[in-house]
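Everything below concerns the one structure shown next.
A, B, C and D label the chains in the order they appear, each numbered from 1.
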Amino acid sequence: MPYNSILNWIVFTDPMQNGYYPYSVYNLPYDIGLKLWELLGGLIAWLINLLVPGNCVSTWLVCDQVANVFAIILMVVVIFAVGFIINLTMIWEERKVLGRMMDRRATKIGPLGYFQCLADGLKTFMKENIAPKKADKKIYWWALALVIGVSVLVACMVPLSGRWFIADYGTGLLIIFGLFALAPFLILCAGWAQNNKYSLIGGLRAAELMISYEIPMLLLLTGVILMTGSFNINDIVNAQYENTWYIIPQFLGFIVFLICAIAESERVPFDLSEAEAELVEGWQTEYAGMKWGLIMLGDYFRGYVACALVVIMYLGGWMLPYFGSTPVPELVFIAKVFLVFFIFVWARAALPRVRTDQILNIGWKILMPLAVVNLAIVIALRMGGVF
Amino acid sequence: MTYKYLDKYPKKFRGTGVLKPLWMTLKRMFKSTAHRPVTIMYPYEKEWVPDNYRGRPGLRFDRCLGCGICVRVCPTTCIKLVEVADDSGNMVKRPQVNIGRCMMCGYCAEYCPVDAMTTTTDYELAEFTREALIYDPRRLNFEGTNEMMEVHIEEHLLSNLAKGIEDKPTAFFDTDRPTLDASKCISCQKCAKVCPTHAITMVVVGQNDKGKDIKNPKIDNNLCVSCENCVIECPKSALKIKEVL
Amino acid sequence: MADNDIIEAPSYEDTISLLKAKFGDKLVFRTSTKKNNRAINQKRRIFLSTDRETIYPLCEYLHGKLNYEQATSVCGVDWVDHLQVVYHITNYFTAVMVEIEVDVPNDDPHIASVTPIWGGANWHERETYELFGIIFDGHPKLERLLTPQSYEFYPFRKSYKLRGQE
Amino acid sequence: MTEKMNADKMWVTMGPQHPFSHGLWTLRVKVDGEIVVDAEPEVGYLHRGWEKECEQRTYAKIIPMADRLCYSASMTWSHLYCKAAEEALDIEVPERAQYMRVIADEICRIQSHLMWLAAVGTDLGNLTVFLWALREREFFLDLNVRLCGQRLTTNYPRIGGVRSDMPYYFERDCMRAVEHFEKTLWEIIGLTDESSIFVSRMKGIGYITRKDVANLGITGPAMRGCGVDYDVRRDDPYDAYDQLTFEVPVLKEGDTYSRYMVRIEELFQSCELIRQAMKKLESIPKTAPYRVKVPRCVPAGTTCAKIEDPRGESIMYLVSDGSERPYRLKVRSPVFVNVSASKNMVVGNRIADIPAIMAMIDMCLGETDR
């Protein structure tokens, strides 16, 4: 190009016009990623052009193909960053709400105590990285990495709105469920690998929990799928906007799903695998320092996914009734997630931990039949033509 | 008298057994949001303590006699008498307290006959070294000492109670006095030297075979604080504390 | 009254007379001179001393016949010239507590264990063993409890001096 | 570990640094999956030779040491020691001091039980109960500060009476605290007894029969929850307890929940006792003696004093030889005996039940190891 002003290299084009645009609908994180790359890559291209005028690298940096590749990379970063911030805010919310319910002051660092999580992260980061001598090293590290990785992955898979997603696929909800159920297996591996009796028992309990709570959850998922006729999250949310939120016909399912979601994300009162009163820290006993910090982060990511599932399946996703799609549907979704998470925290403040045999009893004898009843209601409504 | 709690519990639950705690916590959340939570933000605000709080011991330097009762009653032996210069430059004996050993029992304040030792409301005693925990007599002074920080012994004599006298509280330093077994006394004058209140004067009671004066201690009961220094110092155990009960 | 009947709540006088009838002069009853003690005045304490041979049958009788259900404590005292084991045994119904003193010679510190009668005496006897070196014959697990297993001395005997003690 | 490890059973060592052991002690449990098949308690990490230390000290100096036997029941321990010394001296405490001791004892009992309630909350995994109970406990610690000058190590009783007179407005403050507490305790009960999860965690575990309880020497609320109707305060009264009317809660079930209920009822009864004692104290003139002068040497002889500690029946056996130091001072700690019976309670239950069962013993290692 003859004229090499910076404006030549930085042009915010419509992402849909990009020849290699991977989606069929508008994607906001991709757009942000593309714009970021155009800013960043354009700047680099201009600088190179200043040094070596008329080179081909500059043009290559801002062409459609390269921009697309970097846009996807930056999009992943953006999605993770937003998920991370949501996560930190959830931790902050939990601390604040718990503090009020327990009649004590909660966090105090930073504005309204928001920076406490960062301080904790810094503190765990500074700690020495200790691994037990007799642990099974390979599984010890890999299981840890996979537990955290799977949790982060599944959190990133959750769409915040019709335009904020990482992949547009037909079986969206099923994949989230599948990844969500993967973690307990890895926890079992991690618990075994540490060569510690507490963590072994904790890992076994995690597996126990998964077996008894995955099935009611999937039965409830069936109810939602039957009502919508699609696995696609977008379809589910739109169907709820067109008809009514599924919490109204499936209130029973909502309650059962909420309990299952708490159990799946291993939070009090169902945090058997890390019951600190009897098992020290359960399966995390031998994971010290930043490993433990990352595990906690992964736990909260899973809690976020559980809340998001409740919101998508029963609370209308990012839509508000009568308002339709608001200008910022992502914020609506996040607000709903925080509301559901408030219930999680509330249960934690009010209830003690449930015992292993009781948890199996609740899972198989109460939640499972209720889930079947919920499914029957859904079928009846479908056959009656209400939905 | 009946049971207040056992009459109502145990209860039979009918499936709604978690609603009450959920409601209670929600109520408490609104309450503590509207009012202030009970937490005291410690370094910025401190809990109120009454004046009779038993913090570290305090010393009113001018009142102290240096009698050493506090040294002897201290259960952890953290008090030591050291020589320091008083305001006019004379060397006097005053207690020095090792706060690192102190268990804040308040015995030194309680047994002090002149209330020179007091309890104080000072409880922030952390230091960087062990040496800094040793409080010398001047440092033991506490600014806001008032009469509520004094601990008095108000004992009643059993003999008085038997007689029906119930309004004469006393303490050991008012009643217990050393008594002399004159046959054991060797006129060494040690008791007179160690007496912190100069209550002991040596008086001549006679002459021995060689014509020297026999001096026996004479104890001024008004000045004596029953500190037992003379009893401990006496080489022939001629002096004994006579307890009045 | 048959011999194997349990008297649920034997009174102070009953206990003394039954014990006297059963054991005769093997027991030495002591009376306390304390005037102001309410428990003694209201007859809730029995003081007696006996010898090593009698203690097991005495305890068996107290537990099996007189329903003294709880061995409140077993403790040792070192009287330099001999050792002594003191038992406190309580009846829940009358709140009468029997205090039994048994002398044990220094050179042969053996005495019958009462753990088979009262399970609660188990740790008390272990403690007395480790602190005074009194060996309780018939104890199920006579090991050191509070002090390290490697100790070879008995710290609560008067012969063991603390720092600062002459 | 002498026992050979089986394929399906393993020994799990819980303690000495374990969240459930409130103090330094070890419970080694043999588990078959989740179910405990064998257990073995181990104590002694905190053995200070307390009894031997006392033989070196004069009688008055032991009182603050007796406070250190148990951090939350310090008042009853120093009271017990003073009682033992008074019995050895054969003196009677003035009536006013008796009531003041009763009040101080019951304040101590309430705050000790609240500490226990807080521990139950954490052991069962609910931190709210912990914080609410500690919030209520703070009122009684404040009363302790007003009365004795310290929150925990009270050093209040003296041989022959109590340390100091009641401070101004103490009656008013005390009655306010008690009345407020009786209201707010229902709030905590709303979290525990009204919660079916909480109750189901405690019900039906840790069974122990009346016969075993008596034989193993378990005392205190753990004993009364199993059907033994015995309380030293009522059956072998000391101080002014025989002037006051109160109920001793006794339950027959013998499981963890009944032990829990006994303690909660005791909290209410302690409030009632404080109220009655305050009322009685009003009728005694303010100038009445509360402390008598005692000789510093105790005549030779043996004494055995008994008291109802918040955790059970505690005894001090005092051997004096006429000097100003005790010849031997034996402490019978209730927790020492209760924890020796933990095997009988734990076996047959699950690992998750161990904290709940052990919480009912209300561990305090200071008095256990001495």
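Operating definition for what follows: a contact is a pair of C-beta atoms (placed from the backbone, for glycine too) under 8 Å apart; a residue touches a chain by one contact, two chains touch by 3 or more.
Just so we're clear, the structure is a prediction, and the values are computed from it rather than from any experiment.
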{"item": "Highest-count interface - the chain pair sharing the most C-beta contacts", "value": "B-D"}
{"item": "Remotest chain, chain B as reference, centres from CA atoms", "value": "A"}
{"item": "Interchain centroid distance [CA atoms averaged], chain A/chain B, Å", "value": "63"}
{"item": "Centre-of-Cα separation between chain D and chain A, whole angstrom", "value": "48"}
{"item": "Chain C and chain D, separation of their C-alpha mean positions in angstrom", "value": "24"}
{"item": "Euclidean distance of C-alpha centroids - chain B vs chain C, Å", "value": "40"}
{"item": "Touching two or more other chains - residue numbers and ranges from chain D", "value": "91, 128, 132, 135, 191, 195, 197-198"}
{"item": "Contacts with 2+ other chains: residues of chain B", "value": "18, 21, 24-25, 28, 38"}
{"item": "Residue numbers of chain A (touch at least two other chains)", "value": "101-104, 349-351"}
{"item": "Chain contact graph, described as a line, ring, star, complete graph or other shape", "value": "other"}
{"item": "Pairs of chains in contact (touch as defined earlier), listed by label", "value": "A-B, A-D, B-D, C-D"}
{"item": "Footprint of chain A on chain D - complex, ascending", "value": "10, 12, 14, 18-20, 31, 34, 121-129, 131-132, 135, 191, 195, 197-198, 200-201, 350-355"}
{"item": "Touching residues (chain side chain A, partner chain B) in the complex", "value": "97, 99-105, 108, 346-347, 349-351"}
{"item": "In the complex with chain A, residue positions of chain B that touch it", "value": "18, 21-22, 24-26, 28-29, 31-33, 37-39, 41"}
{"item": "Chain B-touching residues of chain D, taken from the complex the two chains share", "value": "57, 60-65, 68, 91, 94, 128, 132, 135, 138, 145-146, 148-150, 153, 155, 160-161, 163-165, 167, 182, 187, 189-191, 193-199, 203, 245-247, 249, 251, 257, 261, 264-265, 267-269, 272, 287-296"}
{"item": "Residues on chain C engaged by chain D in the complex (per definition of touch)", "value": "33-39, 44-45, 69-73, 75, 77-78, 86, 88, 92, 95, 97, 99, 118-124, 145-147, 155-156, 162, 164-165"}
